[in-house]
Amino acid sequence: MYELKFNESECLSCATQDCLTRCQYMDIDRDTAKAEILKIARGEDSFVLHDCVTCYACEEYCPVNNHPFYLIVEKQEELDVPPLPRPLIRRGIQMGIPFRGEPVIDEINGQTLDMGAFADLMYLIQGKLFEGLPVISTDPRKMFHYFCQLMYLHYGRASVIKERLPGIIQTIAKHNVTEVICFHDECYGTYTSYCPAVGIEVPFKSIHFFEFLYNRLNELKGEITPVNLKVAYQRPCSSRLSSDKHHFVRDIFDLIGAEYVEREYVDENALCCGGTIQGQRREGSRKRTADVQKRNIEDIKNAGAEICVFNCPACYTTMGRLVAQNGIRPVFMSDLCRLAIGEKPAGWR
Amino acid sequence: MSSILVVAEHRNQTLADVSYQVLSKGRQLADQAQMELLAAVAGVDIDAYAKELTRWADRVIIVNNDQLEEPLAEPYQKLIAHLIREIRPGIVLMGHSSFAMDLVPSLSVELGIPLVTDCVDIFWQNGDILVTRSIYNGKANASYSFAQSETILITGRVGEFPVEEGQRQGWIEEIEFAFEEECDYKKFEGYLEVEAAGVDITQAEVLVSVGRGIKEKKNLEIVEELARVLGGVVSCSRPVVDYGWLPSERQVGLSGKTVQPKLYLGLGISGAFQHVVGMKGARMTVAINKDAKAPIFSVANYGIVDDVLKVVPALVNKISELKGRTE
Amino acid sequence: MDIIACIKRVPDTSEADVVKIDPSQKDIEKDRLAFKINDWDEYVLEAAVQLKEKLGGTLTAVTIGPKEWDEVLRRALAMGADSAIRIDQDVSADDPHIVAIILDKVIRRLPYDLVLFGAQSEDFGSGHLGAMVAEILGIPHATLVINLEAEEKKIHVQRELEAGTLQSYTIDLPALLTIHTGINQPRYISMGGIRRAMQKELQVMSLSDLGLSLDALTPMVKLEEMRLPPKGKEAELITGAPEETAGQLAKILKDAGIF
Amino acid sequence: MDPIYQALVDIVGQEHVSNQPEELFIYSYDLGTTEPHRPDYAVTPRSTEEIQEIVKLANREKVPVVPLGGGLSLAGLAVPFRGGIALDLKRMDSILEVNEKARYAVVECGVSQGQLTSYLERNYPHLTHSEPGAPPTATIAGNVAIHGQGDLAQPYGFNSDMVNGLEIVLPTGEVCKFGSCSIGSGWFTQHPLPDVGLFLGWSGTTGIITKVSIRLFPSKKIRGVGQFVVEDEELVPEIMYKLTHTQMTEDIVAFSQAVPPFASGLQHFTINIAADSEKELEFKQEIIWDDTLGEYIRSGAGGFLGFRSGLQRPQVSKTSDWRKGGGFEYVGSIMPVDTYPECYRRGREISERHDIPYTVLGRCVGTAHAMMFSWTYAFNRADPETVRQAREALHETDDLVLELGGTIWKPGLYGQKLVMERLDPNTLNLMKKIKQMLDPNGIMNPGNWEVS
Amino acid sequence: MTLTNFRYGDVIHRCFRCGYCKFPINWMDVNNCPAYARFRMETYSCGGRLWLTRAWLEGEIEWSDHLADILYSCTACKNCEVKCPLSFNIDILNMMIAAKSEMVERGEIPSAAKEFLENIQRQGNPYGTSREKRDEWMEGTGIEAYQGQEYLYYVGCVGSYDTRGQETARLLGKVLQKAGVSFGVLGNDENCDGNEVRNLGEETLFEMLAEDNVAQFQGLGVQKIVTLSPHSYNAMKNDYPGFNGVFDVLHYTQLLQELIRNGGLDVSGGYNAKVTYHDPCFLGRWNEEYDAPRAILRAIPGVQFVEMARNRNGALCCGGGGGNFYLDLLGGSEDSPARRRVREACETGANVLAVACPNCLTMLEDAVKAEGLENKLTVRDISEIVGEACVIK
């Protein structure tokens, strides 16, 4: 089966132990960090396995790309340290089972946009940016056939991902696609980070949604009117798996005349929207979530943002209303881009 | 031309009105051209008819034969063909009745003589007889002349020719006529009179009469309501019966009833002559129709050019108001 | 039962003000009028199709007219006619005698038990073509038929007389009937049906195909002149919005002692 | 002309009677598996007086009368088994009175649950009533006639326990009132007059309810749903017990179902909580999730799925589309709460045996005094085999209810038979006498509760 | 017929008849299906019609005049589609239309529907009035024939022929003139848009109309269309692209809203009235344009705007859709949807009921008279209100 490519010696020789020392949810010094990560690597129990909020950040922090987070997940499963109550794990795993028949496979023969498990957000895919672009997974009833499964990293169930993901990849490949623009960071992370890390082959090239948007905006440059808005970006956990594409956020902002406001929880220092923490449903999760969200909101407010842009639907769901209640307009990145080319954003609230 | 022959039609012990009408016209044409006017009547016990006819005709030909008692096309075709051959009249004139419609076309073919039916006018012009027909459902008139022919056949429209009192005292001539064989391929089975169940529209003082302008059976409701406030009865034109919206006993017109109410309120009725024939006797006629050029407006005393479905509800309200005030 | 239905095409003159007399005074101005199947002929086709549905056999629709008249034949085909024949000749204003002679020639070439005509046409309305054809064919006829029941060898019909009286006959086949409105409820002919009927064959014949020539057909009556009817008296018109006209009328009726 | 039809026209007017095949077809069907039976007439009356006339006519002509409200019983209770008059009461749709201070509403029999909900939301936002899980088109009168329960069953019991008074047209045509309204007082209580509870639970066989006074309850500003999940069905009774002990919930429902897959094999609780302020809500949440259910969360046996403000009524009709078949029917029962695990397991077996995705649900009635437990079987209307399977499963489930010591709620004909077989002979005899006395001609919804 | 001919044979049995299709904006009553509101028999509800259609297809019941009336009493108002919680809801109206198509193909449709369709076949309008009279509405307006102006102003049948419709057609023309909009009309060459034809199940006739209209528009170089009627708007916006007719289609309220917003139309003349607004189905539920008409009304000084209890996607249809402004299968009762609607409008205390559709205008105006509410409520098309506000006589 698929094995995680993890190199213990890289950790042994690591000077920073950024993976754990930079963790925003656990306070760990360098020595403890080294000891714990090695314990984990060797299959021993560690408080890290219990306390991890599964925010993916350590994947980005690791200076040598040694997949500390994937490792944590593997070990949580091996040592039976469930990151959330068992019934919820079971429920979550069952959630991804497609049950409404097979999807319709149209031959694409080229580039496509993959909505993944967010077919019900098709309304965001409108206007000039997406003209002529074929889309797969447009039927919410069939969307779990395109569900990248990476969510189970939050559930301590790498085995489920490894079991199901090849089938999902096959379904996408059946469309005869060469390039897949991933609507969600998580799908992009799946195909460009997780799959190589565990040795799953991906027969198509994945393109990050922001990269796509950036390129399209460049093509439509003549139609851009600067939006002149102060915008905060709420970075999602899955973006940690594609940190090399994160620069497109600033690039897009520059292109459309949005001001990328300076906030504390920005870029590598981003703070979870609270969804993942809340999702753990452990004792205290409710209060912890409230705390994280409050910090995020205060931060956005302090930065003077008029708009808070999201790319992850989960973040949008968790924080959107809260943001709006604080007088800041929540909006999806694609909608912000549409605004710049004079279109009416579909999700304006 | 020698003579004009009018063939009279009777049923149920009555000479048809239209026979009197064409007889009057025949008299006038004969007088104008100084021709003899002949009338023919056949059947059993027809002496009274014959006597009646002598007031117009110079000569009345009677044929006593029980096969001619009912106005049936086949025996009459034989009789009239015989009479034409014998008498050689210049014009044969009949009322444009259902009976004639079944009869004259065959007769004209059998004898090879010209025929114009349903004429609204018959007149002399430079010694020739000309006729006028109403075409395109009354929206135009056309006049016709005839090719040279010893006899021509004309039927005259019901109600078009006023009956003028006959002043003559013609004489009666009985002709023997026998059928060589019976007609076995077309058997007359009797009459079916439409039952007068429930409502007798001929007795009503106020008739609210509807035509296809009410569009839909359901709209009869509001019309019934109008009839109710007016203390009247709902009648209709032919299409309404054809659509099955009202039973045929409610139909006014040629193939329905002839009525003479105090008020005749025509709703969405265009006023084709077949209808007008049945209601001309109304003392007051009001028409409501969307089509300003509808012929009904030339029969009516008052007219409103509008959609009946808009006017009628308002009319119900106004009448109820006025009634309320008096009561 | 083999049926022949003779039908025609007429201008829609249901609105009085669309009728204008052509400068020749021999015709009305037709170029901007809409055309349709003769009202009575719709009932003819419905009656024919119902008989065919019930008794089997063939239904042939026949018309005499120029190319545009195919339209009514397409309707007939859409409704269920098996074949359609058009005699390519404009006879619409001619003496019905001539038309009868032509139709006789067509009908004689076809198998038939029953020939159906409309009781009259909306344009000239002389109402005698059918019975003339019957006489030439030498078969019995009944005009103004309002009820019809067919058996193998004979039909029972009721003719409409005046004042709501019906006259019943039993007639041996072959026979010819002219059909009156109200005998049935003609079905709607869908555009899809008409489009599909475009596939069916439509036979076009000339007078010479029938062994006839127009010169040999001498009319016995001649159209002299067409005019608009003289203006009769006109009703006193009440004008205004419905509530106003209704109010005025109510008052008139009240003053007249109607209520 | 049919004289009965004519007489009905005279009573309610032409437009509100039909003897056309189209109406008779529609009114012959229940939405569940019950075989259709055609009525002879469909009638939609507008007043108590019209209903009286119809019932009197029916007695004269010995024609059955089958009243229906929403027609959503799913147990065939409004199928005209013996033909007759299908009496659709939905035109009787006036809300006659809301007494704010005494917290009750008087409604005509055609008023739907949704209509009252919506009316209260707009006019009395601090009052609510106990809404059943049926589509909101279900009527209030129909629901009390079958002893329904709603989303306030946990604190306040059956909806039929909330009845303050009734107006009934008896099978012989007289109008009777019950409760304080019968002595000319307001409609505020059904007690303490001599008990004549002859109409609730009789499924329209003893008379036609024309008016109902139903209790209303406080509607707090925030009403929301929390979800809790356990894997082990054995935990359900004790969780219900503990939750009811808090006296802080409005509705407690436990369910498990095969579709969608995430719910399969798990026991989900939906727990309704209401509060007038964030403070109250937080307090209740702490008591419920942290103090009461905390032990399950700590042990990993249970998980809290979150709390969402706003009550969304479950759209049960979606159940009908599980097999893309437009149909489902369920057996409802009133059971002791501790039978939940057995109900779940046995129900699942029955479903699986009949190749139907299982769906079971237990709603707490009172402070865990009982639960309404239901087993739902979806079928495909276009596939007779699945209808047959569902019908068999339903019958087996009726048997199961009695085997497990429960009672069948609003039983269909099969269930009624089972219940009557087990009924105390003296009770059955009394029912016979009552039915005979009230409905001497046997015209009221015949086929149902046929005790004689 | 069997299920095999029917395109929705695998869907139609899926209706459970739960009744959500009858709801308005909330659950306040079950009368938002216009046909059900009118007759209150289950047969007339959306679910009833679906079950009956299925029974008919399966041979359980026979075709009858009554069945045809029941199906044709559907006004295609789309309330059911919007309210049905089940996933096949997108097919509900298609199923109804397909059932009507079956009736059309068999020729068995209500007589008024037959007349309606034959009139369109013959004269290009449902009234059967001559094509030659289609331009009578514009007499003396100085409106030009279309010859490459920016907009084609498509008037539609009701605007061209109905007396009341003609008034609004003229006024809208004048408003557009006043705003300096470059536009032209087709006059006698305009043909029926076909929207109702499609809803009556006469698919081929609709196709022919659409093809002809698209060809005509393209031949004239039309790019932008503004319509008087939401029915035309719907057909041209949503259906014509299927016939290669992609135009920039606006309902006139959308154009007027834009003109008012950018200052192109001065409405400072104002309109002093308490106004409520009735959403036409083909603008509202069919095309989700709820805001433009409201924005116009709110922009006019003096307008005091109030909402009816049912509004936006919960609005009650006037009963005129699906050809019923002509077929009138829902008329004749105080339960007729139009009469219910004007009573509801009256309850808001408004003295003007604004509409944005000539069909609604005639339906509701007649209902005001039938209800005897003339002294309390006036029905005005938004074009007329705007006309007054920009001081056009």
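Every chain is named by a letter (A, B, C, D and E) in the order it is written, and numbering of its residues begins at 1.
Keep this in mind: a contact is a pair of C-beta atoms (placed from the backbone, for glycine too) under 8 Å apart; a residue touches a chain by one contact, two chains touch by 3 or more.
Just so we're clear, the structure is a prediction, and the values are computed from it rather than from any experiment.
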Output for shared partners of chain B and chain E reads C
Distance in touch steps, counted as few as possible, from chain A out to chain E:
2
Of all the chains shown, whose C-alpha centre falls nearest the centre of every protein C-alpha atom combined?
E
Contact-richer chain pair (by C-beta pairs counted) among D-E and A-D
D-E
With chain centres defined as mean CA positions, report which chain is farthest from chain B.
A
Return the distance between the CA-based centres of chain A and chain D, expressed in whole Å.
46
If you average the Cα atoms of chain C and of chain D to get two centres, how far apart are those centres in Å?
63
Cα centre of chain B to Cα centre of chain D, whole Å, reads 69
Distance from chain C to chain B - Cα centre to Cα centre, in angstrom
21
Residues of chain C that touch two or more other chains sit at 14-15, 185, 242-243
Which chain A residues touch at least two other chains?
none
Chain E residues touching 2+ other chains are 87, 111, 369
Among the chains present, which pairs are found to touch?
A-D, B-C, B-E, C-E, D-E
Which positions of chain A touch chain D when the two form their complex?
82, 84-88, 90-92, 94-95, 97, 99, 278, 281-283, 286
Would you pull the chain E residues touching chain B in the complex into a rising list?
111-112, 115, 163, 326-329, 331-332, 366, 369-370, 372
Across the complex, what residues on chain D touch chain E?
15-16, 18, 20-23, 25-27, 29, 31, 42, 44, 70-72, 88, 90-91, 93, 112-115, 117-119, 121-122, 135-137, 315-318, 320-321, 324-328, 380-382
The chain C residues in contact with chain B across the complex are 11, 13-17, 19, 21, 28, 95-97, 100, 122-132, 134-136, 140-144, 156, 158-172, 175, 181-182, 185, 218-229, 231-239, 242-243, 245-247, 249-254, 256, 258-259
Okay, in this complex, where on chain B does chain C touch?
16, 74, 97-99, 101-102, 104-106, 108-110, 113-118, 130, 133-147, 149, 158, 184-194, 206, 229-231, 238-239, 241-244, 248-249, 251, 254-258, 262-263, 270, 284-287, 291-295, 297-307, 310-311, 314-315, 317-319, 321-323
